[in-house]
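Structures follow.
Across the two complexes that follow, subunit A remains constant while its partner is subunit B and subsequently subunit C.
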Partner chain A sequence: MIKIEKRDDAPMALYFFTPFIAIILTILGGGIIFYILGFNPIEALKFYFITPISNLYGLSELLLKATPLCLIAIGLSFCFKSNNWNIGAEGQLTFGAIVGGGVALLFYNQEGFYILPLVILAGAIGGMIFALIPAILKTYFNTNEILVSLMLVYVSKLLLDYLVVGPWSNPEGFNFPETRQFSDSSRMPLLFEGLRIHAGIFLALAAVMLSWFTLYKTYLGFQIKVSGLSLKTAKYAGFKGKTMILFVFMISGACAGLAGVGEITGPIGQLHRMISPDYGFTAIIVAFLGRLNPFGIIFASLVVALTYLGAETAQIFLQIPKYTGQVFQGMILFFLLASDYLLFFKVKILNLKKNELRH
Partner chain B sequence: MYKNFFRYLISAIFLLGFSVNSNADFKVGFVYVGPTGDHGWTFQHHEGRNAVEAAGIKTTFVESVPEGADAERVIRQLAQSGHDLIFTTSFGYMDPTNKVAKDFPNVKFEHATGYKREHSNVSTYSARFYEGRTLLGHIAGKMTKTNTIGYIASFPIPEVIRGINAMTLAAQKVNPNIKTKIVWVFTWYDPGKEAEAAQALIDQGADVIMQHTDSTAPVQTAEKAGVWSFGQASDMQRFAPKSILTSIIDDWAPYYVERAIAARDGTWNQQDTWHGLKEGMVAMGPYNSAMGADLVKEVEQLQKDLASGKVHSFTGPIYDQKGNILVAEGKVADDGMLAGMSVYVKGVEGDIPK
Partner chain C sequence: MATDLRISNISKIYPGCVANDNVSLQFKSGKIYALLGENGAGKSTLVKILSGVISPDNGEVFLNEKNLKLNSPLDAKKNKIGMVFQHFNLFETLSVFENLSIDATEDNKSLRLRINEILKKYNFSIDLDVPVLNLSAGQKQKVEIIRCLLRSPKVLIMDEPTSVLTEQETEELFISLKKFCDEGILIIYITHKLKEVLSLCDEVAVMRKGKVVSVSQTQNEKVETLANKMVGQKLAKIKKKINISKNKDEIFKVKHLNFYSDDPFETNLVNLNFSVKKGECLGIAGISGNGQNELFQILSGEIITPDTSIIFRNKEIAKLNPKQRREYLMAFSPEDRISQAAVPELKIYENVALNNFKSSNFFEKGLVNERKIKEHSKKILSDFSVNTDNVELKSQFLSGGNLQKLILGRELITAPELLICYNPTWGLDVGAINYIHETLIKINDQEKSTILISTDTEELLKLSDRIAVIYKGKLSKIMPSEEVTPEKLGVLMGGGSID
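Moving on to the complex of A and B:
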C-alpha cells in the first residue's frame, strides 16, 4: 500500500535546485530516447546542446530565441505568483504585434527616430489591453481566467489572419497573406553586423530588473506574493484584490505584447500569420522552470531556447525527428513537477501483512 | 617568377583537390513547412528528396520549419554545414531564402512557388497545377447531378484563383449549367476546418468536392457523405476509395534529381521553372472506374492534349463575373496573365475575399 504524506521539513534550498535536477533528468531521458531510436546518445546530445551554440551566430540565435520567452515568462510570473492563471500570453503577444505592426504600417516609408519607440509602446499597450479582458471579466463577472484568456488566443489569431489577408495585405504582394515589409525606421536596430540579435534583448533585461525590483523590493510585490500564498490572508490584510488582478494582468499582457512587437520589428520585419511558434505557451514552461524568479527565468529561457535550436541541428546532422524538441520541453516540465512533488510530499510504501489487514 | 609559378601550381592543386572533394561531399538540403507524414504537400516534396537520394546524392531535410523567424536560421545552418543546393519548399521562405543566398554566393537555392530571385544563385520553381484542375473540371462537370461543385480554397493568391477558374471553365465546357461554390478556409492545413468546409458545401447541394488545401479531411468527409471528391497533392485514393475520382499529384522528383545533378556537375543556372503535365511535374492519380469507360477515355485524351499543348486550360473566349472579356476568342492566356490572376471567371459564385 502506498501512502502520501506532506513533508513538514521540506528543505527550501532544494526548491531552487530541483530545476537543475529536472534538466539533468531530461538530458538523461533524452539520451535514452536517442538510444532507443538508434542514435549514439552522446553524439546526439552533443548536436543537441553544444553544436547549436558553438559559434557566435549560434549564440546570437540563442539569445534571439530566448528574448521573447524571457519577456513573456517575466510577465507571467506576476500573474502566477498572485494565483492568476493567465494562459493566453500567446493571444496577448499576437494582439500586441497587431497594434504595434499597425503603427509600423502607418509610418510606412517615413523617417524619424520616434517611430520605433511608438511602435514598441503600441505593442505593449496592445498586449495590455488584450490581457485586461480576462482580468476585467474575472474581477467583475467572476469568470474563469484560464478559459477566457485561452479562448482569446484564437480571437487574436483570427483577427491577425483577417488583417493580413484583407485590409493590411501587401498591395504588391499578389494577395499572399502578409503585410508590407516595415521601413527601417520601425525595425529594431541590430547589435552586431551579420547577426540577428537586436535591441529587443534590452527590453527583456529591463523587464527582468524591473520585475525583480517590484516583486522583491516594493510593497506591491509583497501584496502580490501574499495573495498568491493565501488569498484569505491578503483579504484580511486589506489588500485591494481586484486592483491587483488588473495590475498583474496588465503587466503580463504588456510583456507579451513587447515580445510580439520585438519579433515583428526584429527578425521578421512584417506581419504575417506565423509570427510566433507558440512562444506564449512555451513561456509557461519557462516561468515555472525559472521558479517565477526573474533571474531564474533568464536561465530557463536560455535552456528552453536551446531545445528549439538543438532540435534543428540534431535533424540537420543526424536526421533525428524535429519533434524531439517538444519531447524535451515536455520532459523538462514533467521532471520539474515530479521533483517538486517529491520535495513536498513523502511517498511511503507500507508493508502490510495479511493478518494486519484483518484487524 | 618561379615563386609565382609555384604559387599558381599550389593553388591549382588545392583548387582541384577542393573541387574533387566537394564533388564527393556534395549535399542537398530540404526545408519543409509540414511534417513528412502529412500525406499532402510536404509528403510529396519528401518523395522528391527520396528520389534524389536514390540517385546517389546525399540529402538532409528539416521538417515543420515555421515560416516565421526560424526559417532563416534553418536555411543558414544548412548553408553553413556544407550543403551545396538547398530547396526551400514553401512560399513563406521567400525572403529568408533570398537573404541567406546573398551571404552564401557559392550555395545554390531553389525556392518553391515564390517570385523573388534577388541573387543569381536563387531559382524558383512551381507546377502548372491548373492543368490538373482542367481535368478535374471536365470530370466534375460530367459527374455532378446537382450542377453544383464545391471548392475549398486556402488563400486568394493567383495560384488558387487560377485553379478555381481552370476548373470552372472546363466544367462549363461539358455542362453549361454548373455553378462553383467556394469556401475560403485561410489555411493550407487544418483537417478540422477543411472537414467543416466540405460539409458546408455538401449541405449547400454540392455533390462534387475539391480542395486547394493539403489534408485528407475533405475526401474523407465526402466519402462519408457519399459525394464525389478529388485528392490533392498526393494520391489520396486509399483515404476515400469510393469517393475519389482521381488525384492531382505533385511530382517533384524528376525536377529535384535534374537540378541536384546539374548543381553537382556545375551546370546549374538560375531559372524560373513552371512545369506541368508535359514534364510530369503535375501527374494524375488512377481514374475511378465509377466514371465509366467513356469518360475515362475522354479525360485521358484531354490529359494528352494538355500535355502536348494542343489544348490550353485558358482558351478564349473567357469572361469575368461581370461579363467583361478577359481572353479573346481564339487566344490563350499568356503566362504573365496566369501568374497574376486575381479575378474569377463567369460561373463562379461569390467574391474574392479582400
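Moving on to the complex of A and C:
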C-alpha cells in the first residue's frame, strides 16, 4: 500500500533537485510526443537538444537567448519572492525597448561613446515606469496586479505597432513596419567577431550578483523574504508594505526594460513588431525553474533558451513548427509544479502484510 | 418517528492537542440542543466528525441505535444528517436554484416544486433565480438550510449560525429552528453565545479543552453559570500583589477608538476609551470574537483608524505603524504565534530580526549583520530558557511554549515600557503557562506596563491590576481587580450588566 504523508520540512537538496526531475520528465514527454508524431524520438531529441549547441555559433546563440531570459527572471524573482504577481514583464520589456529605441533613434545619424549608456538607461527607466503602473494601482486602488500587468502587455505591444507603422517608421523604408537602423554607437558591442553574442550578457551577470546581494544580505531582502512567507507577519513587524511593492515592481520593470533594450541594440538593431518571442512570459517559467534563486536562474535560463534553439533546429531539420518550443516550455512548468508535490508530501510504501494483520 | 443520536467515547488527537477527549453525548428529537464552548474547546472537531469531514481516532456514533460509519460528508448525507457551516458553501455566481440543483438527484421541475413547497411552508422569501452573491448573509444561510431540508434530514447541525446575521435575521432563524424541531428534526446548535443558548435551546452541553464538562437543562442555567462552566472556574488563588498605582502616571491613553468594517466576520469597535498606568497590568476580558482581534491590531498599529487618539509617553502615536511604535518602546505579542508573531519557515535568528529596533544594529546601513542577530538570539534563547541553543533551527520545530518564550524574549529585549499581549498562553502546557505568567508579573515589578487581552478569566484575575470586559466591540467600565469576581466577569462577558 502506498501512503502519502505531509512533510514538515523538505530537505534543501530536494528543493534544488526537483527542477532536474522536471527537466528529465520534460525530455521524456517530448520524446513521446515526437514518437506519436511519427519521428524517431532519439533522433528528434538529438536535433532538439544537442545539435543546436554542438558548435560555437550555437553556443553563442544559446547565451544570446539566455541573456534576456535571465535578466527578466532576476527581476521577476524580486516580485514573486514578495508575493507580487507581476506577469507583465513582456509589456515592460516592450515599453523599455520603445523608450530606449526612441533615444537611439534620436541619435540615428550621430556617433559617440555616450549614446549607448543613454539608450540603456532610457530602456531601464522605461521598463520601470511601465511596471509602476500596476504597482501604483495595486497599492493605492487595490487592483489585482496580475490582471493589470497582463493587460498592459497588449497596450505596449499596440503602442509599438503604432510607432513602427506611423511616426517612427523609416522614411526610406518603403512602408515596412520598422524604424531606421540604429547608428553603430547605439549598438551593443559584440564579444566575438562573427558571433551574435554581445555585451548585454554582462548586464545579466551584474543583475545576478546584485540581486543575490540584495536578496540575501540586506534588510530589504529580509523584508521581501518575510513578506513572501507571511504577509501577516510583515504587517505585524511594521514593514512598509506599499514602498516595498513599488520597489519590487520597479526592479522587475527595470530588468525587463534592460532585456528589451539589449535585444534592440544587440541582435536586432532597430525597432519592429517582433522584438521578443515572448521572453517576458517565458521568463516566468525561468524564474520558477531557477527556484527564484539568482544562480538557479542562470541555469534555468540556459535550459529554457535551449528550447528556443531546439525548436528552430527542429523546424529546419524535421519540419516541425517552431512553436513546439512553447510546448516544451509548458511541459517544464507543468512537470516542475508536479514534482513540487514531492516537496510538500512524502510517499511511503507500507508493508502490506503488517497492514492486513491489523484489520 | 423519533430520532435518537448517540455519540459514544469519541476521541480525536491532533499533534500537540487533544481536540476531543472521550466525548459522549445523547440527543433526542423534539428538543434543541446547544453545544457551547470557547474557540478551541473542541466543538468544531465534534461537528466535523458528525458530518463525516474527519474521522475520529476512537469512538462511535449511533443513530437510532445503528452504528454509523461516517467516512465522508456523503455518508452523513445518506444517514440524513444535515449540516450548515459557519462559512457558506455556495457558488456565488450561480443562481439559488442552480446551487440547490447541483447535488440533487431529481429533475429540475420536481425539484423546483419541492423548493417552492419549502419556501411556502417556512415563509422564506428568496428569489430562486438571482445569483447568490446578491443575497444577504441571512438569505444565503436559508439557501444552505433549504439544501439540508430537501434531503428530509433527521438531524440538523448549525455551526455558529448567527455570527454573520443581523438581530432581525437571528430572530427569523430561531423561529424556523423551532418549527423544524416541532416537526421532529433533531437540532444541534453550536455556539459560544450564551444568550442564544438560553433563549433557544432546551438542553446544553458545555465543552472545554476537548471534554464535555457539563450537560444540563437550560431552564436551570443563567448567563453567569454557563459562562463559568465555559471558561472554567477552577481559579488559582495565587494572585500577584496588586500594584499600588493610584497615584502613578498614565503612560498610555486611548481616546475615541472606533473601528468599522465591511467584513461580516470582523467586529466593529464602538468608542473605546481607557488608559494604563506605569507598572500596571490592564486586563481585557471577553469571549473570543467580541472585538479582541481588531483591538489588538489597532493598538499595535497594524490597523490605523481615523480620529482615534493614542497617547503613549506623552506622544501621539495613533498614526504610527508597528515598527515606529516599537521605537517608542512598545512591544506586541499577538495571539497567532505560529503564523503572525513568527514565520515557521524562518530560522530562529531570522525571527528574532523581525523586531528590528534602531539600537539593535541588526541591520547596519541596510545590510544584514548576521553575527549581531545571532548573538542576540543566543542571549534570548538562554535568558528565556528556550529548550534549544541552535539559532539556525527553523522556528516550526519549536513547541508552542518554546515559541512563545522566544517571541516574548524578542519583544522584551528592547526593555519596552508597554507590552501588549493577546492570549499569550493559549494552547500551552502548565509549565510554559507558569513561566509566561511569571515573566509578565516580573515586567510589572520593574515598573513597566502591560495590557493583557485574554479569553482566560483565570489568567486575567491572576495577573491584572484592573480589568475591563469587551463585549460586541464595546468596553465595560474598568474595575480594580480586587472588586472583580469570576461571577461578575461571567455576567459581563455574556452581555449582562452588573449594576
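Simple rule for what comes next: the second predicted complex is superposed on the first by the 333 of 359 C-alpha atoms of A that agree within 3 Å, B and C clash if a C-alpha of one lies under 4 Å from a C-alpha of the other, contacts with A are read in each partner's own complex, and residues count from 1 in each chain.
Heads up, the rule we're going with is that contacts are C-beta pairs under 8 Å (C-beta built on N, C-alpha and C of every residue); 3 or more make two chains touch, one makes a residue touch a chain.
Values in this document were obtained by computation on a predicted structure and should not be read as measured data.
Asks: Evaluate whether subunit B and subunit C can sit on subunit A together after superposition, giving fit or clash.
Replies: On the shared subunit A, the partners fit.
Asks: Looking at A:Phe239 after the superposition, I want to know if it touches subunit B, subunit C, both of them or none. Which is it: first, second, both, neither?
Replies: Once the two structures are laid over each other on A, A:Phe239 reaches subunit C alone.
Asks: Applying the document's definition of touch, where does A:Glu90 land relative to subunit B and subunit C: first, second, both, or neither?
Replies: A:Glu90 contacts neither subunit B nor subunit C.
Asks: Under the stated touch criterion, name the partner, subunit B or subunit C, that contacts more residues in subunit A.
Replies: The partner that reaches more residues of subunit A in the superposed model: B.
Asks: Which of the two partners, first being subunit B and second being subunit C, lies in contact with A:Thr313: first, second, both, or neither?
Replies: First partner only.
Asks: After lining up the shared chain so the two structures overlap, which partner does A:Glu145 touch, if you call subunit B first and subunit C second: first, second, both or neither?
Replies: neither
Asks: How many degrees apart are subunit B and subunit C as seen from subunit A, counting from C-alpha centres and rounding to the nearest 10?
Replies: So the angle at the centre of subunit A is 130 degrees.
Asks: For the overlay built on chain A, what is the smallest gap between any CA atom of subunit B and any CA atom of subunit C, in Å?
Replies: So the smallest C-alpha gap separating subunit B from subunit C comes to 28 Å.
Asks: What does subunit A use to touch subunit C in their complex?
Replies: Touching subunit C: residues 8-9, 216-222, 225-226, 229-230, 232-233, 235-240 of subunit A.
Asks: Once bound in the complex, which stretches of subunit C touch subunit A?
Replies: It comes out as residues 300-302, 321-326, 332, 334, 336, 339-343, 345-346, 350, 353-356, 363, 366-368, 394, 396-397.
Asks: For subunit B, which residues are in contact with subunit A within the complex?
Replies: Spelled out, the residues of subunit B in touch with subunit A are 29, 35, 60-70, 72-74, 76-78, 80-81, 91-92, 95, 103, 115, 155-158, 186, 340, 342, 352-354.
Asks: Write out the stretch or stretches of subunit A touching subunit B in their complex.
Replies: Counting only subunit A, the residues touching subunit B are 57, 61, 64, 161, 165-166, 174-177, 181, 194, 196, 263, 266-269, 272-277, 308-309, 312-313, 315-317, 319, 321-323.
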